[in-house]
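There are two complexes below, and they share chain A, which is joined by chain B in the first and by chain C in the second.
Now for the complex of A and B:
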């Protein structure tokens, strides 16, 4: 009988919730919020009517502001388990919150700028000289000179596995107190870019980095309290060498559950909330106190195809799968309209946005059907294409939050005559399938920002670590060899574009759209700059309380 | 007539009528569904309940009512199959353990049951999914591998009770084989209580299969299934709660029907529950 009572109770609760949200539903496809253009501007406010929850939140006073207007509260899905920058991901949190700095940083346009460094010069194909800024100091007051920088980077190289890809090819030596010579094992390595990653933040190698009292970094904020995986409290570094922020105190909290983070923003408890799920955008609709900052990440949602499978070894079939994709519809269904289609892999990188519509400039199902016919796959009575009596089957493996994307892809390919099957599960299943070779297609979203050769060779050279499908194209390999030797930045850019286009034509992968990246920001705050690597670009000197 | 006696047939009757209606709706999903449960209509996504879509549409613009009706076929088929398999395994093991009470076979079965009763069912399902992948067959394997236990225990206890009957002793004296005793003497007497238990267990089984599908361990997209429909609707819970109402309603009503029938059958067939004894 208890089961019956519980069942009845559940019905009542769900019915009440269904009735209580009446102003809010049902406009996903027809209304403005699901539309294509919402994300064209970096600052996007959801246009749907406010939900009951958000309306209530907007009427309530901002809890954080009311208690302490000088304390900025940032909420993210994760914070560090340690304070030592060489521990996994710790340096990313320290940089995000303004405690850690590297020699260089990357701006929102994808350009490398000096941070602790004053500049860098490539003196020959394998040598760079980096000049440090004058007067830069750690929190302790110790000067950041060439010796300190080299000691910091050597410590990262020794202790942080994730720093190795950026430091392994570099040999550092001191020229004078403010100048470092960097010799590279590969010609024309973009050293400033390598030294802009959070894994290379500069810390005092002489100091013990594992406690608040002894850790020693260089940022504009000093850590004053730390509870692992809970919160990090920081205060302004009065002795900071550079431009200071007007905010005195920051609390960086871990709120794992995404819906709780959303509510924390709507209630005014958190001023900045990272990683807002796209499915929650409607909750922010019309909220006067919160602004949504949407800066697509430089990660392309990509379908990787296994070219070793007979049906996918034919380039026409792969091209047909790409032509048959309505990418705008995919964005609506799987990303709630947050994003712009990208038809080539590299074009989610702001520096290569020009290649966004290269090769597959529109959705063309007829062309896709024609290519499949040319490849010998004829439409059967059941709507599926056959060749030599065998159906055209494609098993798409998805994991995490990509189930909806998988279903949307499945539907579009099914309309093309492809018997698409979605297998959604744990990532370990994908890894196991890849090891055994028993897979057709998987969805991944690798970063497209970084050294062009490292990125493209990793994806498309025969020995590339992310070349899961066994792509081996002679022309691509030639272009990669040219890219490896190219000294001029403009030439490298040009070659990268040509490789990107060649790969799109050969279609070993199908590029879809950049991964959405949405941050909720209180309107009491100003100066948060949208960035394609928002996860390490929240706190800056520009951040300040709004004057009103 | 005592008031309790009045209530019992009513619960059973309501349960049977409810189950009958649900069975008709679900079995006739192909005729009753207003739309193709798999067809995506982007322009109609997340629509609230209306005349066109009585239970609204999901994030892909699919009709929730049509998916709920078709989803019932998969959920009930899976639950029925799992129950049938668990029942068969449980009956055989229970009969053997009861017949050979005190033997090594009995000890092994009973200790195995102790272990399985202590093992979290969800964890076992997750382990199976991790090793063999996520699909309905693996989900059923996980369910059956645990669910037979209660049937085996009940069957064994009935067998132990029947072994004290004169008919059992007579069969033994007349030289009947163990197989014949199991089939002709023990099974007919065990089947009644086990079937009553099965009616109750079916409700729990539906909830468990839906819970596993909710976790992504059951049917794969785009196949509609109540648990996976709930999981898919969770993302839009605050924006479009109607997505959850359809599958929730069907799960609750189905489990309710089976529980009412189970309680009614128990009241009618269980001698310890009968008020006239």
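Now for the complex of A and C:
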């Protein structure tokens, strides 16, 4: 008995001893001291003026960095499961963290800028010539020439299904070592835009991209350690061809639980925390060490309706569902006020912000009720609308963080006389329901940034992969055909707006607001700018420690 | 004795086989296509045609053998198992065996530490509660037990994480299994599992203290401390079973705590795999956990034989008869 008690006592003591060693070893040493540094900052700021608090906050990480200078800790809900850029989503993580680069990139204003390319020229309606920058090299020192770029893009086309929308219409050939000819199957395809997506990052196709030792990319940071789905450690690439960041080492960690990620930011351990949930915004209130970077993402929270269901095949019912939405209230209830309402799908794209209030310019419940009456749905004594004795039922399927949004929609539609039901669950349930056709409405948010024709045909052409509800409108199809042929940028813009408006009128989908995108950034860090595609724009040469 | 052990071992093998078969079928009946979940949506820009995407899905499905019948898939898996190969994760492309081996030490360390805390709390507080039955100390301990047993794991976990990491800055929120990060999830799990043990030890000890041999020993002038020690020893036998069951629960069911504390154990691995419908990973995890459960049950039976002479004598009697 005594021996058992002694053994238990020893185990408990050994476990509890960890309590005192919070700042020992590896990253923990940095994190632990970072935490203490920030604690000092908190203490200082408690009695100081805001400006002093800010100064103390910026000093805290420099104290932390004294033990392990230049290490930046980024926490996200997911990191790569593989190092190979052609594996699903790997290239987005590699770009986010500064390891991977494409030929072009998109700045925060939505303009396409050269990255590995020096520039591109459209020589005729179906041909582009891309000139590569001089002296660019992979981590291994191998030159990034026309052959290497073509081999990389061909590998992505062959192995990465997510690269298909950007590469499928392109045929690449070499003009000389620094010039590539791109021929397109469609006229006036915006090739630089296509080659700016993370799915097209340039990697050495000759190298085995399956280990830290053999992978070969071109970014300013090299991967030095990798634990799948756990962490990615990177160090500055000393031979980088371009402008370098002052930060020497980056640790990119996967912290799946969103509350834990928030606490990691508040504790001072993580300098950058991605995908902060809107429900946690209040926790950051008054914290002098962290600031929130919020840029509305260029994707629209959208309710996709199943037009094959009898009650939704009537355009008046769909329009009524849209008129009956108080989008401002939805943003307050489901996104903590983070965002602006958008009544049309394309308008979360900064270039189409003008269409934000098109068609459904205000919340109008009376108009919605009138449309439902016209469609034959009369209000019953129980507050539900009926037609031929059948109630107007709408089953809305939600997943992930959209439960609150689903419930807010349910509340608004119920006031309209719609018997709305919310079914929250795994995305697999939605996929299964869509395959069987047994669904009424689902919430999804696709990107609204990119080539207008690709975007709109993917959503609203009869074969579009996101046309879940079976929308097939003759006028929309005609406009899409015109857009495909349009050569002039202004005309493309005009046509895209007309399609966007036509779709809003027909209401196969109901647009709500851009998905909030919030990043928590330690004030010890400078240079992280808001970007509508923040998930691939975190690490750049502009990042620096505030005290440097 | 040997025959009995052999019988139990055979039973354990059959249990393991049946469990794997049921599990293999059940996870395939759950909605969701592992290949589509692995590939993700066709892209962040929707495609104007899904032909190439569908073709890639079909290719990958064939490559992974998912287009074959469940029976054929099960046979292949069993053949691999016989070669000690748990298969390859769809999502990471790595061997499931090595992924589990990488994470199992973290889970075992957490489970052992949490169990030790549970036992320590159970013994100390359970004994104190019994010895001071219906007095203030007993009531406080019982109230604490109710609170700990009824609070959800994520509430206690997040509260402790916030207090120690954000307010006190003595805990490091990362996702590494370092010894200095073990204490907080272990304390959380240990404290949450302790009420059960406290209540069992209290009830058993109270029952023992009411036995005639205790009263007889006390009336003959034996020291109370010595008598309590003897009574406690007798009260502890059921604790072996409870502790073993608790250990099993800690290994297989610490998913929430591992997720909240970002502790890279097999629980978190299982959760990620389930969300991605990564069949080989889920099967591998379940097989390892079921094997551990069966092994621990077997071990408890053997330990009982040594701890309780009545059982041993009974078995011997059976054999001789």
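Observations
The criterion applied here is as follows: the second predicted complex is superposed on the first by the 479 of 548 C-alpha atoms of A that agree within 3 Å, B and C clash if a C-alpha of one lies under 4 Å from a C-alpha of the other, contacts with A are read in each partner's own complex, and residues count from 1 in each chain.
In the analysis below, contacts are C-beta pairs under 8 Å (C-beta built on N, C-alpha and C of every residue); 3 or more make two chains touch, one makes a residue touch a chain.
If you're wondering where the values come from, they're calculated on a predicted model, not measured in any experiment.
When the two structures are aligned on the shared chain, A:431 is found in touch with chain C, with no touch to chain B. Contact with chain C, but none with chain B, is seen for A:162 once the two complexes are overlaid on the shared chain. Judged by the number of chain A residues each one touches, C leads among chain B and chain C. Of the two partner chains, chain B is the only one that A:404 touches; chain C does not reach it. By the touch criterion defined above, A:254 lies against chain C but remains apart from chain B after alignment on the C-alpha atoms of chain A. In the superposition on chain A, contact is made by A:422 with chain B only, not with chain C. Of the two partner chains, neither chain B nor chain C is touched by A:218.
Shared contact residues of chain A with chain B and chain C: 1, 8, 11, 14-15, 17-18, 21-22, 24-28, 426, 428-429.
Taken together, the chain A residues at the contact with chain C in this complex read 1, 5, 8-9, 11-12, 14-28, 31-32, 35-36, 38-39, 73, 81-82, 87-89, 161-166, 168, 197, 199, 227-231, 253-257, 259-260, 263-264, 266-270, 299, 426-429, 431-432, 446-447, 450-451, 454-455, 457-459, 461, 463-467. Those residues of chain A that touch chain B in the complex are listed here as 1, 3-4, 7-8, 10-11, 14-15, 17-18, 21-22, 24-30, 34, 51, 53, 277, 279-280, 282-283, 329, 332-333, 403-404, 406-408, 410-411, 421-426, 428-429. Residues of chain B touching chain A in their complex: 38, 40, 42-48, 56, 59-61, 129-130, 133-135, 203, 216, 220-222, 232, 235-236, 238-242, 244-245, 248-249, 252, 255-256, 259-260, 263.
Taken together, the chain C residues at the contact with chain A in this complex read 30-33, 36-40, 42-50, 52-53, 56, 91-94, 99, 112-113, 116-117, 119-120, 123, 158, 161-162, 164-166, 169-176, 178-184, 186-187, 229, 232-233, 259-262, 264, 268, 271-272, 275, 277.
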